[in-house]
Amino acid sequence: MAEFEPKVVAFVCNWCTYAGADLTGTSRIKYASNVKIIRFPCTGRIDFMLLLKSFANGADGIIVSGCHPNDCHYTSGNFHAKRRWIMFKELMDFMGIDMNRITFSWVSAAEGARWAEVVNSTVDRIRKLGPYVSYKQMVNTTVEEEVINE
Amino acid sequence: MNSIVSRAKELLENKSVQVIVGFEAGPTGKARPAFVTYPSKTDILIFDERCVQNLAVYLTKKEVKQFGKIGIVATLPIMRSIMMLISEQQVFAENIEILGVSTEGKYLDIADIQVMQGYIEKCDLSNPSNDQETLAMLNKMSMQEKFDYWQNELSTCIKCYACRQACPMCYCTRCAVECNQPQWIPVQANTHGNMEWHILRAMHLAGRCISCGECGRACPVNIPCHLLTMQLADQAHKYFNVYAGTSEKMSSVLSTYEPNDKESFIL
Amino acid sequence: MKIGVYPGCSLTGSARDYNESVFALAKAFDIELVQVPDWNCCGATAAHNLNRELSLSLPARILATAEKNGLDEILVPCAACYSRLIVTQHELKKNPELKNRINEIIGMDYRGTTKLINVIEWIDASIIPNLEGKITKPFDYKVACYYGCLMVRPNKVLNYDRAEDPQTMDIVMEKIGAHALYFPFKTECCGAGLSVSRTDTVSKLSGKIIEDAVHRGADTLIVACPMCHSNLDMRRPDINKYWKSDFKLPVMYVTQAIGLAIGLTPKEVGLQRHFVKVNIS
Amino acid sequence: MARIGVFVCHCGENISATVDCGKVAETVGKLKHVAFSTDYKYMCSDPGQTLIKDAIKEHKLTGIVVSACSPRMHEPTFRKAAAEAGLNPFLCEMANLREHCSWVHEKNEMTTDKAIDLVRILIEKVKINSALQPIRVPVTKTALVVGGGIAGIQSALDIANTGHKVILVERSPSIGGHMSQLSETFPTLDCSQCILTPRMVEVAQHPNITLYTYAEVESLDGFIGNFTVKIRKKAKSIYEKDCTGCGLCTTKCPQKKIPNEFEEGLGFRPAIYVPFPQAVPNKPVIDREHCTYYLKGKCKVCEIVCPTKAIRFDQPDEVIEVKIGAIVIATGFDIKRSNFFPEYGFGKYKDVIDGLQFERLASASGPTSGAILRPSDGQVPKNIVFVACAGSRDPAKGIAYCSKICCMYTAKHAMLYKHKVHEGKAHVFYMDIRSAGKNYDEFVRRAIEEDYVNYIRGRVSTIYERDGKLIVKGVDTLLGAQPVEIVADMVVLATAGVANPGAEELAQKLHVSYDSHKFFAEAHPKLKPVETNTAGIFLAGACQNPKDIPDSVSQASGAAVKVAALFSQSELTREPLVAYVNRTSPPMYSTCVGCFLCQSVCPYQAIEHEDFKTRDGKIIKTVAKINEGLCQGCGTCVALCRSKSIDLHGYSNNQVYTEVVALLNDY
Amino acid sequence: MSHSEHSIERDSLAYAIEKHVEVHAQKCYQCGKCSAGCPVAEEMDLPPSLVMRLLQTEKSSNDDKVLRSESIWLCLTCEMCLSRCPMEIDIPSMMDYLRQRSRSEKKVNPKMKNIVSFHKAFLHSIQYTGRLFELGLILDYKRQSLKLTQDMMLAPKMISNGKLHFIPELLKDMPHITKIFKKTIVEGGSK
């Protein structure tokens, strides 16, 4: 069996982290190719349900990243996002959903190297954790339940 | 107790309100909500330890609103719900009279919203102590144990949405679960979908839950779903030093921010 | 016309003159003053200095008694009592739980429905409108109206007149023919709280007030508080000793001045009881 | 039925060195709904763009995914190409195969697989993209400057000098503002009028500036580049073309005892008047509130004496409508006046005055020709007390902020006093001395060290009058809170700087936000200090918060550059990526339930209330509505909305959800 | 709920004041307006703004200084400070609390004992008669404060002017007053 390759989704804002990741490219800094980026205008736009849907669709890890506090292109979107994540993380911890699989970070448009670091450390961590078996099992049993019901 | 009846009678008599929402004794000995519109009927109103339901849920109901101005028997959680509903523009302070009941079950003379606010601020606003114990117990579990616990509990959910119906803060006319583009929450009742529903509900109540526990009481299959929202109420206080429903002007935790909000997990 | 009244301890003792003038005025204007039955002391400074609950319970008993006896409105001529009563109402309205606690202490059902009025409010509402044709001897004197602390402070609770340079008493005095002087010491403290225990301090503070009024050419000081009166009048020997002077400026209650203006005799308004002789009639 | 085209770019070898572009094109070409797929060396080159355009036309494509570099680089290029081929530009998406893939990964199969995934995500997204029309706005290259103080004057001149038209509206009969009232200015002590008057004259003579004095903004409609403003020109009762400004009428007017606003009530003026000798324009107006003719129906002395017959008693107000492209608000500030400080007897004691009154006393052109005299009896005050923070930093009086200018002007006042009354004694009660600025602290030190001004750290509790003197009861907190009593001849209160009366009303007319103190609010406290949250409206000077002259002038020039930059283009284009609240049929109208939590997260005040009413006007339901002109498309409201009633063009719930599903599931 | 819960010293006097009378000492920015207007500031060892400053330090030695000060007993509760305070700090309520604390911790300044004696004598009078019995009060105060000759000059004239009773007026419902005192002073433990 081939080595486990984590599937990692990255939700990033257009103005800081997306641009930072562009800089990583321009600087030719290498990082793990397991991460795929979905672009948002602002971290304030990122619905917590998308994180759940990522796990449900088989993600092993998630990165959420945007502008540093006070640097938001829209003044306050990242501050609202921060509160949302604090609450979300506490709820996930309470329900036993593995928050080690989600990296929250601030990466600015100037931090190309940092983006590579964030990605690599996340992928390394997820690689050690292995596939998110318990969540996948829950989703799969669900599918089975439905098959039986049908 | 007598004060509730006499105040209710007075309010109805001088037409300050058109309906009193309170409690009456039901046929099986349980307390049930009462909607009194005549001064002469106010005698049926009771208040004792059986009266735990959060009556604020009726304030946003069309059938109750149509009477006009409402007087409501309000315990601490009900008062906090009213504050939340005012701050979210679902109820207007001028359309409501409060017949206060203290945490010891005594009548409180609440002249206006400011007085109610003063009272709320002085109260202990943390979660009820028995729920606190359960929360502490759950918080001690390992991640896998928690996951198994909730998977097990939520597997029995039949998606009847009684939790939603009982909650005064769930007043949306269209709930997110009814949204099908995209279908955020699967229609069927299955463990994974149930979990997504309860997470969605808890997040929508994050910083808005006033710890009445009504959702848990309403659940026909006894899922302690109130613990999810109470956990977040606890955390909202821990992180942001606010309790929901303490001011008519406050905006909820997730619709405001402070630049120096503290967290320790964002890189 | 009938109205409740809470005289307070001073008015039955050291401020009998005030009491007499209030009742004389009421009689002259056909107002029946009904005392709050079996009233007790409001606790004054001592209570709130030493024990908060006591300082609320004593006034609460008075108010609850008034409510029980159907007195919707009570006149409180003593500014000190007035302050204690209205502060109690304010505190208990603000905090329903404290109200329950106090009700438990006094074993009564205090609701906070009684309207409290101070002596100037009473004069404004019941005397001034009926003054026409009653003034036989216009009070043609230069007066310095002294309000003291408790008529205007705390302003946010009392919500009566303005905290700086209040005017209500001046206006009343002008209505009976007096000339109210500009008087910056209107709301300075006379030292009442330390009247007995720190006579020197009181002499100094009260003396400043008298000195300024004399300097401005006042014929008399006008007061509405028995505490102020006893400091400015009864303590005059101490004041004169402290200031090494011989101030003869009389101190009159606002009710006494109105009484004289409508033709009551000095005795009817209790002027003979003053320590500093009143050369005004 | 979607027909998607995919164009994979090699970017020379930048992409193809690590990504097998051919394989990518081939693999995605087999996906459902992909009607065309190809790879090419340089998609952004002319032939590359032609390739795309041809394919769109030939294959009747309903959406394209250009898989090349970062959209932050070439999205505009390819969207333009799509538009040229007749495809709505918002049906073009870019997959970032260069910065996010080829440049950051090694050459191997996984890298190519990732490239395929990146393309797939956008194929799924573009399928549900909607055709959007960009918001295009022409620009009217005329600016409106509201307020003719030093900030307004500076802004107007700077804009006019870039060659654009400016309309300057001033509420009072002359421009000049508070600066024209000042005696000398800190920290140089140069004469205020000497440096201001030339600027005022320049405004009047500038060919690009139209000046409306005695005029106010009535209403404003429209949005950036396209405002329509109504200006009310109040009747001056003078036919200005005929008036020569000879001033004969002002000397003959029988009404002479009207408190002079310019002299801060320390002098009088007639009913027909020019506010001050250097006024621009130097033509009188009739103050109808005080004119005998308007009050009693007869007099008309001015009409009789006017040599050019320029008086017009029946002149009506005139409302004109002008199209403009940008606005600079420069309405300035005011100071707190009488009755604000009952404990200081302010407004009751004639010799307790405010800072502007002191300026007039110290001004050579003022009522005392520059002599410091007591307003009560005209005597020279021998002992003068200055009270700083009179109302500022005083939450109990509703003003928590520091007024910023008072420390400096109080030091200046004390200095001017000492320069004029050598034997006099000056005391300053202060809480902190805030003198940050070029040569500012040195200036304050000079007052203390060279002019022996007595600075006392503490506030004043009360001031009362006795025997014609003012007794000031203060405290020296540096001596253990020791009470200090000063018998003064005159007291000058450095009263708080506050928003101009009418600022709130003007802000509402102009739809800009203002703070709790009615000062106009900037868009960003650091990075957009000149902009308001309403595009096309800028701030200059003390209407934003109390400011001194150098700060006001700097900001005014900043605002002028913002206007000039806007006027450098003839058309503005805005991406239509804005939020919207859904609408359904009655009786629901919208799934929005009207909690308006979205309003509290919106940084742009773009969320409004919309009422749905019955025929007789009863409100059935109030729901949220997005103002497209103001929304910047951050989408924070979308993520917050519990009932999912708000969505965002370009990043809709359905689009982002689809992207997640596509990314994680195999094809 | 106090916003400063997280950082304030729990055993400081400032914390207790915030909890009991909702006065937030850190609000004071030392402008001194209270001391400038206080009628007894000159007599005080610690003018009000200085009391505020000492409390702000949250140091037990400074807290002690405040509780042992003369100022807290000289305060007349005339409310001038509050009515002019730019930060609306309720110094009078705080002084009430400080006096009660000073007594319960037995830190009353020895020079101020007679002021306390007067207040106690006053309450005694009410406790036993329901109303203030002025002659009794003066006699009781003299007994407690040992100021036997003070006001001796006043009493005869008061009597002759009819301003002093020899026999206290008793309330009909004296047990009620006794009960109130029992529930507050006796059970409250601050006697």
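Just so it is clear, A, B, C, D and E label the chains in written order, and each chain counts residues from 1 on its own.
Just so we're on the same page, a contact is a pair of C-beta atoms (placed from the backbone, for glycine too) under 8 Å apart; a residue touches a chain by one contact, two chains touch by 3 or more.
On a predicted model such as this, the values are computed, not experimentally measured, just so you know.
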Shortest contact path, subunit A to subunit D, counted in steps: 1
Distance-to-centre winner among chains (Cα means, whole assembly as reference): D
Pair of chains joined by more contacts [C-beta pairs], B-C or D-E: D-E
Chain separated most widely from subunit C, comparing mean CA positions: A
Chain centre separation in whole Å, for subunit E relative to subunit B (CA means): 44
Mean-CA-position distance for subunit E and subunit C (Å): 22
Intercentroid distance (Cα basis), subunit E paired with subunit A, Å: 62
Between subunit B and subunit A, distance of the C-alpha-averaged centres to the nearest whole Å: 33
Residues within subunit E bordering two or more other chains: 80
Where subunit D touches two or more other chains at once, by residue number: 343, 462, 601, 640, 653, 657
Touching two or more other chains - residues of subunit A: 48, 53, 76, 80, 84
Subunit B residues within the subunit D interface of the complex: 88-90, 171-176, 179, 181-182, 184, 204, 251-252, 254-256
Subunit B to subunit C touching residues, read off their complex: 100, 102, 104, 106, 108-111, 115, 118-119, 122
Contact set on subunit E toward subunit D in their complex: 29-38, 41-42, 47-50, 80, 84-88
Contacting residues of subunit C [partner subunit B, same complex]: 93-97, 99-100, 111-112
Subunit A to subunit D touching residues, read off their complex: 5, 7, 9, 14, 18-19, 21-26, 28-31, 33, 36-42, 44-48, 50, 53-54, 57-59, 73-77, 80-81, 84, 116
